[in-house]
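Right after this note come the structures.
Here come two complexes built around chain A, the first alongside chain B, the second alongside chain C.
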Partner chain A sequence: MDWRRSTIGAAIALPVIALLAFGMTRDPRDIPSPLPGRMAPDFVLASFTSPTGSTPARADSVHLAAMRGDVVVVNVWASWCLACRDEHPVLREIGRRYAGTDVHFLGVLYNDNVESGRRWISEMGGQSYPALEDPGARTAIDYGVYGVPETFFVGRDGRVAYKHTGPITEGVLIAKIEELRKAHPVAVAPADAAGGTAR
Partner chain B sequence: MNNALGTSALRVALGMALAAIGLAVWGVRRRDEDFVRAAYAAVYANAVLISLAVAAMLTALLTHDFSVKYVAQVGSRATPTLYTIASLWGALEGSILFWGWVLSLYAAAVIYANRKRAGALVPYAAATLMGIAVFFGILLVGPASPFGLVSPIPADGPGPNPLLQNHPLMAVHPPLLYLGYVGMSVPFAFAIGAMLSGELEDDAWITFSRRWTIVAWGFLSAAIIAGMWWSYEVLGWGGYWAWDPVENASFMPWLTATAFLHSVMLQQRRGMLKLWNMCLVVSTFVLTILGTFLTRSGILSSVHAFTQGPIGYYFLGFIALVLLISLVLIAGQSGRLRASGSLDAAVSRESVFLLNNLLFAAFTFTVVLGTLFPLVAEALRGVKVSVGAPFFNRMTLPMGMALIFLAGVGPALPWKRATRAELRSQLMPPAIALVVVLALSLALGVREPYAVLTFAFAAFALVANGREFWSGTRARMRSHGEAAPIALARLIGGNRHRYGGYVAHIGIITVVMGIAASTTFKSENEATLKPGGSLVVRGITVRLDRVWGQEQQQRFVVGADVTLLEHGRAIGTLTPRQNFYPTSEQPVPTPSVRSRADADIYINLMAFDERGASATLRILIEPLVSWIWLGGLIVMFGAGIASWPTRRRAGAPADVRAPARAPRPSPAPHGASATATHAAPSTDLSGAD
Partner chain C sequence: MIMRSMLALLIAALAPRPGVAQEPADAPPALSSARDSAIDRDTRALASQLRCPVCQGLSIEDSPSELSQQMRGLVRDQLRAGKSPDDVKRYFVSKYGEWILLSPPAHGVNTLIYALPLVALASGAALIAIVVRRWTRVANTEEDGAPRGRETSDEITRV
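Up next, the complex of A and B:
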C-alpha cells in the first residue's frame, strides 16, 4: 500500500461527501408557504360528525369567519393517510382539553369519501371536534395543501400564523395554541391591517 | 403472520451476510477451504431468506393484509392485481427490499458460478457483495423496514401513487432498472476483491467484471429505454426524456459502464488503462448508489422523488464509506495498476477507444455537474437554482454525435496500426453513406445542423457496423462453403463479445435516429372540438366522435373517442383519457398513441366539458419515435448475444474462424488472457474456464 497516494485519494472524496452532506440539511421542496401572515381563506363546510363522533341528526356547517377573535386549528387529514393515524390521538386529546374555550379545532377531510372518514373516526376512538367535508378539495386548494396531514393555525386576527407539515406533536400543538392565545384579541394595528388588505 | 415471517427472515438474512463476510475473510487468511465454503453457504442462505421476505410481502400485498405497514401505505382493495404486484417496488421500503433481493440473487449466482475457483479473488468478492448486502440489510431491519404491525388494522389503503398504476410498463421498467443497477455491484465486488487479494496481475478480475458488466449494462439500457417509454405513454407531454435527476441517476452509471465496456478491451488486449478501468468500475457502482441516494433522500426535487426519511443519512454514510475504501485501495495499489502496453499508432482502434473514453468521461462529468449543480449553487452562493434541459442538450449533443461517429470509426479500424490501404477500403463505404445522407437531408430541406449531422453520422456508423457482418459472413461463405444464414450465425457465435457489441451499436444508432427525428420534425396542434368537429395535423385529420365518463373499480375515467383519417379514409381510432383517482387532486393524463414505423400520432385529452359537449385535444405527430423502442430491443439483443452463457469445448479459439482481418492478440504476458477473453469460453458463466 502506498499511503501517501491513499491520502490523496481520500482528499478527493471528501469535498463530494461534504457537498452531499450539505444537501441533506436543505429541503428542495421547502419553498416557504406564502400563507403564514396572510388572512386565512374563508370557508363554509358541512360537518359530517357530531362532536362525539357519531353521525349528526342534521348536517351542521362550520363558517371560519364566524370564529374570528378565537384561535382556530385546522387539521387536514384523510382515512387513507397513515401519518394521520399517528397524530390523531394527540389532536383528539388536546381538542378535548380545549373544548368550550376560545380555541376551536376543525378537521378537513381531504380527497376521501365521507363514509370512509366516518368509519375511520369511529375506529380511531372518536374525534372531539367537527369533521368537515371538502367537496372537490376546494378549501384544500385554497390552503395550498400539498399532502396530508397538514395543520394550519389561525390567530385571533384571522391570519394564518403557522403551517405544520406532517404529523403534529403534542408539544408543538400546545405551544402554538398558547402563543396565539396570548396575542391580544382584536388588537390589529392599523398599519398591519392596511398591509393585510394591500397584499 | 406475514409481518413475523418477513421481519425475522430479514434479520436472519442480515446475520447471514455478516457471517459470510467473517467466514470468507477468515477462510482466505487462514487458507482454510472449509471456511470459504461456509461463507458461500451463508451467501446462498442470505438469498433464500430475502426471497422468503419478498414472498411474505407479495402474499401480504395480494391478500390485502393491511396489518403490514407497507401494504397499508401502498395497497388498496380496488387496485388491479398487476399494479398490486408492481407496488412491491413502487414506494421507498418496497424498493429497498426489492434492491436487497436482487443483490442477494446476483451474489448467489456469482458465487455459484465461481464456487470452484481457487484463490482469494472470489471469497473477497463475496465478502464485498455481502458488505453491500449488510448495508441494505441494516436499512431493511431499521429505517426502511417494510414490515411492521399497523394497529388497529385499516380496512383499506390508499393504493399506489396514481402515476404508478396507470400503465403496464410500471411492471417492466423498475425490475429491469434494479437488475441493471444492482448488477453493477458485481463488477465492483470483483474490483475490490482483486485489490484486497492482490490478484491484479492476472486478468481474472477484469474478465469477470467485463462479463457481469455486459449483463447489467444490457438490463440498464433496456430499463432506461423502458423508462423513456413509460414517461412518453403516461406523463402526457409527448416527450420521453427531461434530464430529471432521476433519469440522470440511471444514465450516469450507464455512461461509465459503457466507457468501461470499451476500455476493458484495451486492458485485455494491450495491458493498457488498468488504473482507469479500476476507476470506471468503482465509479459506476458509486454512481448507482449516488443515484439511489439522490432519489431517496429528497436532496433534489424531482417528479419521481420518494418520500423523505432518515434513510438519506444512511446512504450518505455508505457513499462516504465506499468512496473512501475504494479511493484508498486504488491509490494504494496504483503502483501495481501501471500499463504494460502502449499505443502503437495514432490511427488505430486503440486510439478510437481512448477518444471514446475521453468523451464518455466528459459526458458523465457534464451530467453529474448538471445534476448536482443546484446543490453546489446553494452551498456556495445560497441561491436556489434548477438546471434544465437546455444546459444538458447544449453540452451533451456534440459529445453524443461524436460518439456516434466513433461507433462507426472504431469497428472499421484494425488494432495496433492502420495502413493507408486498410483505411481507404474500410472507411470508404461508410463515408459514401455519410455524404449521400448529408446531401439527401439538405436536398429535402432539413436545415437544423445537428439533425443533418446526426443522420449523416448515423448512416456512417450503421454502414460501418453492418459491413462487419456482411464481410465476415462472406468470408465464411467462401472459406467454409456455408450458406449465408449459417455463416452469419456461426460468425456471431464464434465471437459473441465482438458481434454482440456491433448489434448493440446498431441498436444505439437506431435509438439516436429516433430521438433526432422525433425532436426535429415534431408537429403539434391543439384545439377544442365539439363532437363531430375535426382538426388536421400534417395531413392527418383528427375527428372527435364522443366524450364519455365511466366509473371503474379504482378510478373514474373520462375519455374522448377520436377517429383518425388520412386521404379521407379512416385509419384508426384513439381514446385519450383522463383518470381520476380518489387520492389525487389532479387527474392522471393517459395519452393515446398510434405507433407506426414512420411516425407516432399522439393525442392527449387536455380538458373536457362535463356534459360531453366538447373536448380539448393536443395532437402531436412525432416521426420515428417507435425506432427508439425498437433500438432498445436491439441493444438488449446485442447484450444478450455478448453475455449468453455457452458451454463450449475449451481450446476452440474462436478467433481462428473470425475473418482474416480479425486482429491477433500480441504474444505479450497478457496475450494469453486476451485470447481467452476474446474467445467463446470466456462467456461461460459456469466457471468451467
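Up next, the complex of A and C:
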C-alpha cells in the first residue's frame, strides 16, 4: 500500500519539479526574437552625425536596402542607457577598423533626442559610423526592440542573421561579422528566394 | 463716393461669409470624428491585449512608458491606414513573437496553459470524491463494529 502511494505521489510531483527545474535554467528576461532568419525590415533614417565624429552634418539619410550584398551591423542605443557606454568603445574601434569595407555599422538612436545623442557621442570620443534618428521608435519596433542596447547583424542576403541583446563584446562582434563576410551573396541567393516565400 | 464705398463695405461685412454659408459641410468632419472614435476604441481594445516590452505584466494600454505610447501610436496609425485589428496583431507578433500577446493563443504547447488548470481541477475533484467515499466507508464500518470511536475519545480525555 505504501509503495503504491509513494509511486502516485512521485508521478504527480516529479513532472512539476522537472517543469520548475527547467524554468530555473531559463532567463525570464530573454525574449526569443522571431527576427533572425527573416528579411531585415528596411528603413530610411536621417543621420545626425558626420561619419567621423560628432559634428552635425547635413541631413544625410541612410537606406538599409542600398547596402544589400554587404554585411550590416545595426546597433540600437540611447544616451540614457548605461550598458551602451560599456559597448561603445568596442563598436567605435571595430567600426573604424571595417570602415570603407563591405561591412557597415549603423547606430539607431532609441527613445532619445538628437541633441542628447550628439552630446553623448562627443563625450564618448566620437563614432566612426552614422548615428540615425528614429522618430517614434518606428524602426526599433519594426526590429522588435524591447531594451537597449541591442545589435542586429544583417547578412549579405539582407536577412537578420543574429540578434545580440545587451552590451556586445569585441569577440562576438568580430566573430559574427567574419562569419557573415564568408557567406557569398551568390551562394545564398537561391535560399533567399526559397525562404522569401516561406513566410 | 466715400459713402458708397462705406456702404459696400458694410454690405460685405453683413453678408453671410462663405465659411458660414458652408456650415452644412461640417457633416464630413462629424463623420470622420465618428470614424476616429471607432479607431480610438479599436486602439484601446488592441492595446490592452499587447504586452508592454519594458514593463512587468502590463499592457501597452496601461503602461505610461514611452515605448508603450509609441506602440499605441503605431497601432492607431495602422488602424487608420485601413489595417484590420488582426493585421495589427499579426504585425506585432511578427516582430516580438507570441510573447507580445498578453493571452497566448491556444495552440501547440500553449494549450497546456489552458488545459492544465482544468486537469488539476478535475483530478482534485476526483481525489476529494475518493477520499470522502473512503472516509464514509470507514465511518460506516466503525459504526457497525465495536465502538472504537468511544474508546479513542476516552483515551483523549484521559490524556
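The definition used in the following text is that the second predicted complex is superposed on the first by the 166 of 199 C-alpha atoms of A that agree within 3 Å, B and C clash if a C-alpha of one lies under 4 Å from a C-alpha of the other, contacts with A are read in each partner's own complex, and residues count from 1 in each chain.
Definition applied: a residue touches a chain if its C-beta (ideal position, glycine included) is under 8 Å from a C-beta of that chain, and two chains touch if they have at least 3 such contacts.
As the structure is a prediction and not an experimental result, all values here were calculated from the model.
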Contacts of A:80 with chain B and chain C, given as first, second, both or neither: first
Partner chain(s) touched by A:138 [first = chain B, second = chain C, both, neither]: second
First, second, both or neither for A:111, with chain B first and chain C second: both
Chain B versus chain C as contact partner of A:171, first or second or both or neither: neither
Partner chain(s) touched by A:24 [first = chain B, second = chain C, both, neither]: first
Which superposed partner A:100 touches (first chain B, second chain C, both, neither): neither
Dominant toucher of chain A (residue count), chain B or chain C: B
Partner chain(s) touched by A:5 [first = chain B, second = chain C, both, neither]: first
Which of chain B and chain C A:35 touches, first, second, both or neither: second
Contacts on chain A seen with chain B and repeated with chain C across the two complexes: 111, 137, 140-141
Interface residues, chain B side, partner chain A - complex: 69, 72-73, 76, 150, 152, 154-159, 290, 293, 297-301, 308, 312-313, 316, 319-320, 323-324, 327-335, 372, 374-376, 378-379, 384, 582-585
Of chain C, residues touching chain A in the complex: 53-54, 66-67, 70-71, 73-74, 93-97, 99
Chain C-touching residues of chain A, taken from the complex the two chains share: 31-35, 111, 136-138, 140-147
Chain A residues touching chain B - in the complex, by the definition given at the top: 1-3, 5-10, 12-13, 16-17, 19-24, 26-29, 78-82, 85, 111-113, 116, 119, 123-124, 137, 140-141
